[in-house]
Structures are given as structure tokens and as C-alpha cells.
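Data first, discussion second: the structure below is written as C-alpha cells.
Per-chain residue numbering starts at 1, and chain names A, B, C, D, E and F are given in the order in which the chains are listed.
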Amino acid sequence: MLHIINKSPQERNSLDSCLRVTQSGAVLLIEDAVYAATRGNAAEAKLREAMGSLKVYALGPDLDARGMSDRLIDGVTAVDYAGFVDLVAEHPNCQSWL
Amino acid sequence: MLHIINKSPQERNSLDSCLRVTQSGAVLLIEDAVYAATRGNAAEAKLREAMGSLKVYALGPDLDARGMSDRLIDGVTAVDYAGFVDLVAEHPNCQSWL
Amino acid sequence: MSEGAIKKFMFVNRKAPYGTVYALEALETVLITAAFDQDVSLVFMDDGVFQLKKGQQTKGIETKNFSPTYRALDGYDIEKLYVEQESMEARGLTEDDLLVDVTVMSRADMGKLMEEMDVVLSC
Amino acid sequence: MSEGAIKKFMFVNRKAPYGTVYALEALETVLITAAFDQDVSLVFMDDGVFQLKKGQQTKGIETKNFSPTYRALDGYDIEKLYVEQESMEARGLTEDDLLVDVTVMSRADMGKLMEEMDVVLSC
Amino acid sequence: MKFAILINEGPYQHQASDSAYLFCKAALAKGHEIRRVFFYHDGVNNSSALTEPPQDDRNIVVRWGKLAEEHKVDLVVCVAAALRRGIKDDNLAAGFRISGLGQLVEAGIEADRLVTFGD
Amino acid sequence: MKFAILINEGPYQHQASDSAYLFCKAALAKGHEIRRVFFYHDGVNNSSALTEPPQDDRNIVVRWGKLAEEHKVDLVVCVAAALRRGIKDDNLAAGFRISGLGQLVEAGIEADRLVTFGD
């Protein structure tokens, strides 16, 4: 299953909630959620831990817009909107954690 | 200063942020923030700690709407909208932590 | 998809009632989905568990109390209501505090259940 | 209040840019407030510090990059920009990452500064 | 005392407009003055004349208009935010007027307290 | 593959509608089908014909209408949510139609994937 998160990890609990119940699959960070995948963010440790069992992606255009592309955590894959579409298509189902 | 919080303490960081920078004055919890003033909520401990230096109020009609009036933490004062108006008038300034 | 296809729809309720409209408008979607004879599951986690709290009295905020609708879901053959245990505990709630009978689930089981769905709507 | 009265206005920016419109529309209010010759302070805390991050490139999301406006504030005599140190550190940012010169403040000093204001607008 | 109110969210989606309305009613009942209610961001959607909520629900738009009429409250919708969101004189509800952000600043200067309601 | 899209937030206030639009454009460019875009909650505000953003900004409403026209995408606005928020045939932008929530469920049934964008 593809889990889509769009909120900053320090503003809301959606990333925490997703990681609490999800054991496998992939997480795509879009919009303000891309901050979770940047070095030095307070969420870095929990994201690294999640990467042990989940594949993590971040939307490149949203990283660019926020000036954060150059500090993406190693092991997180940046994708563009075409890659976003592929991720939805490749996984049997998806969920947006609003 | 009167600090007005309207978000659930477990969904967003507004109560945490307010308590981090505020050393004195009063906090009024309205809308979904009233859950912070109820027994058993994960925010109970931090709210009790804050009550050492801050006066804490919760909006009664919002507690009623959510079925939580009977579990208000001791030491938190429930007020109605008239009490909300009084609190704003009594304090020299106010801030809504949106 | 052919006529009469049945998909597994899950509605994930994570928001408190009244602060926003999501809980109310999600219920409208739930009822319509059941009318289409789909396989409907409702999940309540995080602040969403507050939607099911007994004793809601909305007169003071001059807003409609829609909590009785949860009791009526049964009449629409919507019987799969799941509550995540950790969310309930972190809010000081027990099953006795809830308006309706639910299945309480661990976070791990909740994650597994989500995996089995065809359509997951978060509200 | 009499003609020519000057009040202390503070704008508390706590939200990231682009995810919501608050940062952009708050800037519009800031500029107008300065045009009324008021005493304007801007605070950046929590995700609001991200508004000042250098290197924003919004072409890929087809949205206007409004970050150059922060550099222009100086020209409107808006010079009181405060950043809360704890917020910056929790996001891996340093003063070098920011578009403009700011005063970095501890959380305790930030709380004291807020107390001194006449009007505090949170965005 | 003179209050000014800022509303940043639209009707129904968030409780902000409801809370602000009930605050204003309580303030007026206590003899305070509501100097102005300013609608910004999605708050401008509170002024749509075309709103038709279900019959068993509150009509937030009409309610504001009535309050304005009965108590001479100035309801001002920000023109820039309104244009972005499709609010114009054509669909502006009774009791509201469209004007600039300066009206918010002026209200902040003239009122004793400015109280914000939003998301 | 057939996609259905659900948008829960209005234009400008949140990025949801922008993200959904760019997702749809990318999906169409890859040869996928967008079965339907359904606008719910404040999402209905994306269909206001009266929207007039600043000239140097994107026009979210017009952009959706053009996408619908060029690629025969069905843009459906929920009638109940729309009435609550003042969207009617009078101010409905080109390319959108107003219908019931059943259209969302139907899209969920018929599409291979339903992707939600919101707050």
C-alpha cells in the first residue's frame, strides 16, 4: 500500500499516525510533508527508523519549492509528478493521511 | 496576555508552541483544544505542569458539544462565551495560536 | 468494472467532531457508499475516536448534533466499525464511553486491515 | 484612538510556505500595516521559519515564488524580524540558511516580546 | 470596550466563523461594541449570498447579516482574498461590504482588542 | 489505468488543488485515464466562475476547466457541499457539473485507484 502524507511532521500528527500502524509498503511525502525527509529536522530519526521496513519517497517539486532539495536524507528517493503517478499505479492501493 | 488555542493537542503543535514560549498570563482552550483539559488525555501532564505558572480556562459550550464536560481537569475553569469576552477584556492583549 | 461489482471501501476518521466539518460530511459519504451496496468499513483513530463519544450536547455552539447518526448506521447494514486501541487510550476513553458497539483493534491489526482495502478515504 | 496613533503590531508566522496560503496573505497584511505607519514586528517560529529559507524554486509546482518579498521588507522600513532559536534548530536550519537578516531569540525572550505588543496576528 | 474581529476560515468547513459569531453576540449582550468584523483568507467565503445550508442546520451567512443589521456591525470582506476565491458584489450577501486590507489595520488601531478566529 | 481524484480543499488556501492538478496532468501525459475529479468539502470552491486571481498568479479554476475540455475529464462538484458554500449553476465555472455524492462512490468503484488531496 502507498501511504501519502502531506503535512509537516512538526505541525501535525499524520506522519506519526501513519508510521504507528503501517508495517510495510511505501510512504510518499508531498507538500509540507517533504520537510520530514530533510537532514536536521526533528523527524529525521523516526523517518530513518521507518526506512527499515518502508520505502520512502519525497516529491521533488515540493522540495524545490521549499528550497530543501539539497538536504534530502540519504535513502529517500525524490520523484516528480510522473513518479508520483507511477507509485500510485504500482501499488495495489493507496491512502492519503489527511 | 490571553493565549487562545483552538486545536487538539494531539493533532497539532499549537498548544505545545504556546506553552514553550509563554511564562505567564492565561490560556483559553476553545473548539478542539478543549480536549487538552480533559482527564486521561495524553496532554494532561503538560497542561497540569503549565498550570503552575498560567491560569487555564476552557470554553464550556465546546466541552458540552464534545461530551467532555464531566471530565474537566481540576483547576481548569470552564467559561461560557460571556466569560470568553470577559477574559479578552480583562487582559491587556491577546493572541490566537492558529 | 461490471455491474454489481463490490469493492472494499474504508473510511478513516482521524478528526474530532465540530472543530471541522470532515466528520459530518464523511458520514454522508459513508451512507451513500452503503446505498451502492459496497463493503463498507469505518475506522476511528487519533482524534476521530472522539466522534463516537457519548453525551454530545451541541446547543451551546448552535450547531447540529450529528452523533445520533452513528447509532443509525446499523440500519444501513454498516456494521464494521473499528477503533484503534492506542488512540482510545491516549484520550482517556474506554469502550463504555462510545455511542455504538465497535471492534477495538491494535495498531498492527489496523495496519493489516488497511492493506486489504480497495478504496481508502481519509476524512 | 486619535489620529496618528501608533500601535505595536506583531505578526506571528508559524506555518510553512506553499502548503497553505497563510504565509503569502500574511505578507500582504504586513505591508499594509507598515503603510499605516504602525510599529511592525514579524516573528517566525515553528514551521514559519521555513518561509525564510534560501533557494526556493517554485516552477515545478506552478506557483508564484513570493520569498523575494522578504528581502524587500527593508524598503518598507520593516526591520524587526525575529526568529525563535529552538524552532530553527529543530528544523536543521542556521542563520546562514535564511534569506534575510534576523534577530535570533530564545523562546523565553520571544514570550516576553509578545507580552509587549498591542495587536498580535497569528498566520 | 471596542472589539475588532478577524475571521480567517470559511463557513461550515471550520468552527472559526461559528465561534466568532457567538463571541460577538456575547460581547454585544454585555454592552461592548464590535467595531468591525474583517474576513480574510477563506474567511471571505462567509459572505456568499448563494449559500443554502440544509434546513435543519444554521445559516451562517444570513446570521452574520442579521447581526450586522441589528447592531450596526461593519462586516468587511478583503477584496484581494475575495477575488482569488470568487466573491464579488454580484454574489455578496446582505450586510457585508468589500474593501481593502487597510480596513483590518484600521480596526486593529481603533479597537481596544483584536481577536482572531481561524484554523 | 483509470484514476479517480477526490479534492477536499478550496483553491489558494491549501496546496491540495494544485497538487491534484499536477498529478492529473502527469497521469494524462503518461496515457492514463482520469475517470473523474470529484470536489467535496471546501473543494467545491474550486468551481467558482467568479474567481479572479492576481495576473501574475495561476488561475486554478480556469486551469481545471481547460484540462477537462482538452482531455474529456469529468469534473463533478458535490451538490450538498456546494449548497452549503454558495456554489450553484449561476456561478459554476465552465467544465464543471454539479451532482450527488453517488458520483464519488461510482468513481471509486469504476476506477483502478482513487487518490485524495486535502488538508
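Here are some notes:
Keep in mind that, in the parts below, a residue touches a chain if its C-beta (ideal position, glycine included) is under 8 Å from a C-beta of that chain, and two chains touch if they have at least 3 such contacts.
In this text the structure is predicted, and so the values were computed from the model without any measurement.
Chains that count as touching both chain A and chain E, per the definition above, are B, C, D, F.
Contact with chain C and chain F alike is made by A, E. A count of C-beta contacts for the chain pairs C-E and B-E puts B-E on top.
In this assembly, A is the chain whose CA centroid lies farthest from the centroid of chain E.
Averaged Cα coordinates give chain A a centre that lies 24 Å from the centre of chain F. Computed centre separation for the pair chain A/chain D is 27 angstrom, with centres defined by C-alpha atoms. Each chain gets a centre from the mean of its Cα atoms; for chain C and chain D, those two points are 39 Å apart. Residue numbers of chain D whose C-beta contacts span two or more other chains: 18-22, 46, 61, 63, 118-119, 122. Within chain A, the positions touching two or more other chains are listed as 6, 10-11, 13, 31-32, 61, 80, 93-94, 96, 98.
Taken residue by residue, chain F touches two or more other chains at 8, 12-13, 15, 19, 22, 41, 57, 80, 114, 116, 118, whereas all remaining positions touch fewer. Every pair of chains in contact is given here: A-B, A-C, A-D, A-F, B-C, B-D, B-E, C-E, C-F, D-E, D-F, E-F. Residues 18-21, 61-64 of chain D are the ones touching chain F in the complex. On the side of chain E, the complex with chain F involves touching residues 10-13, 41-42, 45, 48-54, 57, 61, 80, 83-88, 90-91.
Note for the complex: chain E touches chain C at residues 12-15, 18-19, 22, 56-58. Interface residues of chain E, counted against chain D in their complex, comprise 6, 8, 40-41, 80-81, 100-102, 104-106, 108-110, 114, 116, 118.
Those residues of chain E lying in contact with chain B across their complex are 1, 3, 8, 15-16, 19, 22-23, 25-27, 29-30, 32, 112-119.
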